[in-house]
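Next up: some structures, all given as structure tokens.
Shared between the two complexes below is subunit A, which has subunit B as its partner in the first and subunit C in the second.
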Partner chain A sequence: MMATSLLKKQRRIILLLVLLILLTGLTGLSIGSASLSYAQTLLALIGHGNPMDEFVIFDIRLPRLLITLLSGMALAASGAILQNLSRNDLADPGVIGINSGAGVAVAVYFLFAPVNHDSFTYILPIAAFIGAFITACLIYGFSYTKNAALEPVRFILVGVGFSLALSGLMIVIISSSDKQKVNFIASWLAGSIWGDGWPFILAVLPWLVVLIPFTLYKAQSLNLLSLHDTTSIGLGLPIQKERLILLAAAVGLAASSVSVTGSISFIGLMAPHLAKALVGPRSQLYIPIAVLIGGWLLMTADLIGHNIVPPDGIPAGIIVSLIGAPYFIYLFFRQKT
Partner chain B sequence: MVQIYTENLHIGYGERTIVEDLTVQIPENRITAIIGANGCGKSTLLKAMTRIIAAQSGSVIIDGKRITEIKTKELAKKMAILPQSPECPAGLTVGELVSYGRYPYQKGFGHLTQKDRDVIHWALEVTGVSAFKNHPVDALSGGQRQRVWIALALAQETDVIFLDEPTTYLDIAHQLEVLELLKRLNDEQQRTIVMVLHDINQAARFCDYIIALKNGRIVKAGTCEDVIQADVLREVFHIEAVIGTDPLTGKPLCTTYNLIKGETAYV
Partner chain C sequence: MEFLFLTKIKKKMSGFMHAFSFTYKLFIALILLIVTFILALTFGAADLDMAKVFHAYFSHKTNESFNIFREIRLPREIGAILVGAALSVSGAIIQGLTRNPLADPGLLGLTAGANAALAVTMAFVPTASYLWLTVACFIGAAAGGLMVFGIGAVKKSLFSPVRMVLAGVAITAFLEAIAQGVALTFKISKDVSMWTAGGLVGTTWHQLQIITPIILIGLFLAVALSRQLTILSLNEEVAIAVGQKTLQIKILLLIIVIILTGCAVALVGNMAFIGLMIPHLVRPFVGTDYRFVIPISALFGASFMSLADLLGRTIHAPYETPVAAIITILGLPFFLYVVRKGGQLRS
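== the complex of A and B ==
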């Protein structure tokens, strides 16, 4: 009944993506300034490598790979929720100002708070998270009208407005500060995966462990929200309540990701869209695939960016944008026809 | 068996009143049509009866309870609504869409039980769209698509189905097909059907009860013989109608009509 062939296809794609992620991960652990063979890497992974290799793998490369994987997953899930809520394939947490909100908070904190080098790395993600969250609340407040339902399109438009305004604010803040600090903020904005240690993984993981299963739990609500309002109310969905809860989940996912990786756009746009092209728009089928694609995309983008121009590399956000921007334009024109 | 009636219903947007002090009973297990000129409030009435929009005052009562006191998910087990131009995401298959009709009976994740599958299967069969189960909805023709949306409403297993102009955008053969399907559902399963219709002859042919609205008030409500009358149509549509008898069905038929001289339809 439920198109079992689609279900089988989904299982096959999931398996394929997991293998792809493992393979890319293994490659990521092996290449870098100290190149290892796959054999050396595998030995080190099971605890039989030489101590130097183990240090490189466990303390440097593995946490970075994991953080990009998790962040990509969170962005994809967030984008999937936003696309269903707005019934628009162009919605993305980066487009609606959540990234900019986090960015302003990071800039303000970084420039004006007394920097204590021990606690700095742990407070920055919190600042980013608070910034993202306040922005989301403001966007919600401004798109809320008395008497009328929360209009997803209005929400997106207000978000785009906020995104532009906050970017402007950021330029004002940056232009009045000294050069060294500006460098850090600029690389944060470009999505430079700066939070690449185990503590950051522990900071991001709980959000994903809670919110991704929650998103799947709400799959049927997401399905109904992608129909006409009249249809979803008629089917018994309390749309206001569900929208609010799912919006909060989308913000939580995006904010947790942005707070450690910096500003990264387009993953939340591309991953759900590619997944829908593979198995169709039913949430139960496409969201797990979107999550895996998102994780893989960001991991791969960072791997490329990190190794392409040694020693500093190109921020992952820029690599993603290089792929994402043309894709966005392609989608935009396809949607118009 | 479900009883529905409205009590002194006022509906409006801000200062503008659309429906005024409307009290009407929907006959059980019958097909009811709501007719009237553009902007008379017929769609608005349908939306208020199905909690899509809130009434300013008065109430809609189903099974002795105000609809505002019933949880929306519970209400979805009693009444289904098919909007005028429903939309669904590109690429969604017919089977998937119809499965969403089981939402009122589901908890999270959207897992389908055997009972759910049986109902979905039946809904696809009875509307004649089983063959398209794995086809994307957006690849179907207008008539097929409308039957798919009716299947979605049927999957909800409700005693009452509301439809907002179910025949718009369809050619005359497919209009008939959709109305006959609804008639069959009413005959065979005693479902109460309430629909907004533009075509008064279709209303006369397929409906047991007709509510004629003008400026948000009822001009006449009754059987088709009571309502499809020259004086009623003059008041409701500002037309001078010639009423005959349909040679096929024996129902009243508006054979031809003129605008009333010196007046326009849009006053």
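== the complex of A and C ==
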């Protein structure tokens, strides 16, 4: 049974995070090339602002904020699953190449499939999922050995190799296509939030609505899978099956995020870890917190990147890497062999 | 039982391989290099008729083929050979130095460091000459490498080969983010990506004049120190016991690695995997003695690079496919193989 004090602590932290997200969101809505006061922003939000402010907020800033929030959440959940599955704190969909797999699929789809503007937005996450899933299976297959079920470090290392090679493949694909599309993909690669309209939110939302609750529902399996194999089998868990289902969920989450925000590393690494530091490693407790932290992190990173160098800004992916890589090193020091 | 059997076969095989003397192998590698070099010079977006080129050369008349040959293809292929040799040798040295079979200048943050330094220099000193950019690459490679090795030095107990690669991945991501961020902020991403993804496109004689002597000196020093490297690669205690000044030699070897990698980045930009791949390809033929591994790696690396460049030029002619991308794709199977083998350096 879970200690009630821990549960209480979790609730408090969740509440705090929600407040933080709202506050950051409000700030994000106010600052930008057309600066608004908080009062103006609030008025516009409840429908009493002037039409110009409302346009800026509802058509430009709010969708972008929501997109970053949602994909940050997805990445965090994906990272949490991967960390439990691989029993390694260093797992992250970006670091181990799932993002690159999704990226290659998106690039191929974008370049070679006839683009139909109505369905494009909705097919993109599916294309990303297929690419990411194939990659994940390959990584899984290559890191699988007969005697040891899934060696965590090897899993990550194989992923790193795939990530490099797939980025290479991406460049090959790009170099054989026309210039305009190339520019789009290049900025996409750097993790700029390109899908910032309402349709993109609609395209991503179903994935999250299904997969995040599913992840929480599977929290107990995740707990067991992060233990030793023999323990989980002994406790009656069909590990191969569970592992595959959860891997698919992690891939789906990462892919939906990648399809709109581009390749962003380290959120999936940082968020679960910060959450574990707050409430401990029990999945039921830390995953909701990790999800919120992930959303907040990406939202903040994009806000910083978007406003730091007018007018184009720096892609959120770069800001995240600048913060995330040192954190990765820090984790590296803390982890025991 | 099966294992014993296998080692027996292996021993027989290696005996067989040693039957060829080293000079013989060196000779074969040299021939390979010459053949690929001529192939690379001949084929491309404009296939050149070698006879015509030589004719033009000796008759002092100019024609179009000759111009393409002299101003575009020859410098480019010389560049390819130099870079291939430089990266392969620096890969071999790091592998010996760290006793890490997964080591590669691209994986351990050296090329990313050089790349970041390049971006920073281009942003703040737009007028920097090629020589200074090369120097910046050295400094960057040194900084990137030191960051990764520094972590290793602090936490030696945790530093398995695999973890070193992971540290390299993080540092690489960090440095790449810096390079991209600086490039975007100062609106020079096009110039920077011309370097990083451009590969050997537009290699000029002027660049080669600066780079060639440095790389040749680096390669020469590497060969000169290869005996020490072999001892070092066996065991730290052994190295000390046979009276080696380990620290000085390590520092010297690291400097060579940094110089070679810095030059390579200055010429072609980012390139991972080649330094990993070539020494592993070479070891089955010449064993683990670095006196043999280094020269053969240089020759193999050079041929490999010029082949990869040829592939990049012809796969999608007349467009270029970046050679770095081709190498990463070709490199993946090797990487997986080495990971799978569990990282045994002494086969």
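In this section, the second predicted complex is superposed on the first by the 277 of 337 C-alpha atoms of A that agree within 3 Å, B and C clash if a C-alpha of one lies under 4 Å from a C-alpha of the other, contacts with A are read in each partner's own complex, and residues count from 1 in each chain.
In this section, a contact is a pair of C-beta atoms (placed from the backbone, for glycine too) under 8 Å apart; a residue touches a chain by one contact, two chains touch by 3 or more.
In this text, all values refer to a predicted model and were calculated from it rather than measured experimentally.
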Inset, instruction - Could you figure out whether subunit B or subunit C reaches more residues of subunit A? - result: C
Inset, instruction - Figure out whether A:Q220 sits in contact with subunit B (first) or subunit C (second), or with both, or with neither. - result: first
Inset, instruction - Please indicate which partner A:T230 is in contact with in the superposed arrangement: first for subunit B, second for subunit C, both, or neither. - result: first
Inset, instruction - Considering only touches as defined above, state whether A:L303 meets subunit B (first), subunit C (second), both or neither. - result: neither
Inset, instruction - Scan A:R87 for contacts with subunit B and subunit C and give back first, second, both or neither. - result: first
Inset, instruction - Go through the superposed model and pick first if A:A102 touches only subunit B, second if only subunit C, both, or neither. - result: neither
Inset, instruction - Considering only touches as defined above, state whether A:V160 meets subunit B (first), subunit C (second), both or neither. - result: second
Inset, instruction - Kindly list the residues of subunit A that each of subunit B and subunit C touches, one partner per complex. - result: none
Inset, instruction - Could you please specify the touching residues of subunit A with respect to subunit B in the complex? - result: 1-3, 5-6, 87, 216-220, 223-224, 226-231, 233-238, 276, 280-284
Legend entry - Residues on subunit A engaged by subunit C in the complex (per definition of touch): 90, 95, 142, 153-154, 156-158, 160-162, 164-165, 167-172, 175-176, 186, 190, 265-266, 309, 312, 314-315, 317-319, 321-322, 324-326, 328-329, 332-333, 335-337
Inset, instruction - Would you pull the subunit C residues touching subunit A in the complex into a rising list? - result: 102, 151, 154-155, 157-158, 160, 162-163, 165-167, 169-171, 173-174, 176-178, 180-181, 184-185, 193, 197, 272-273, 316, 319-322, 324-329, 331-332, 335-336, 339-340
Legend entry - In the complex, subunit B residues that touch subunit A: 47, 50-52, 72-77, 79-83, 85-93, 95-96, 99-101, 103-104, 106, 108-110, 112, 117, 120-121, 133-134, 136, 152-153, 156
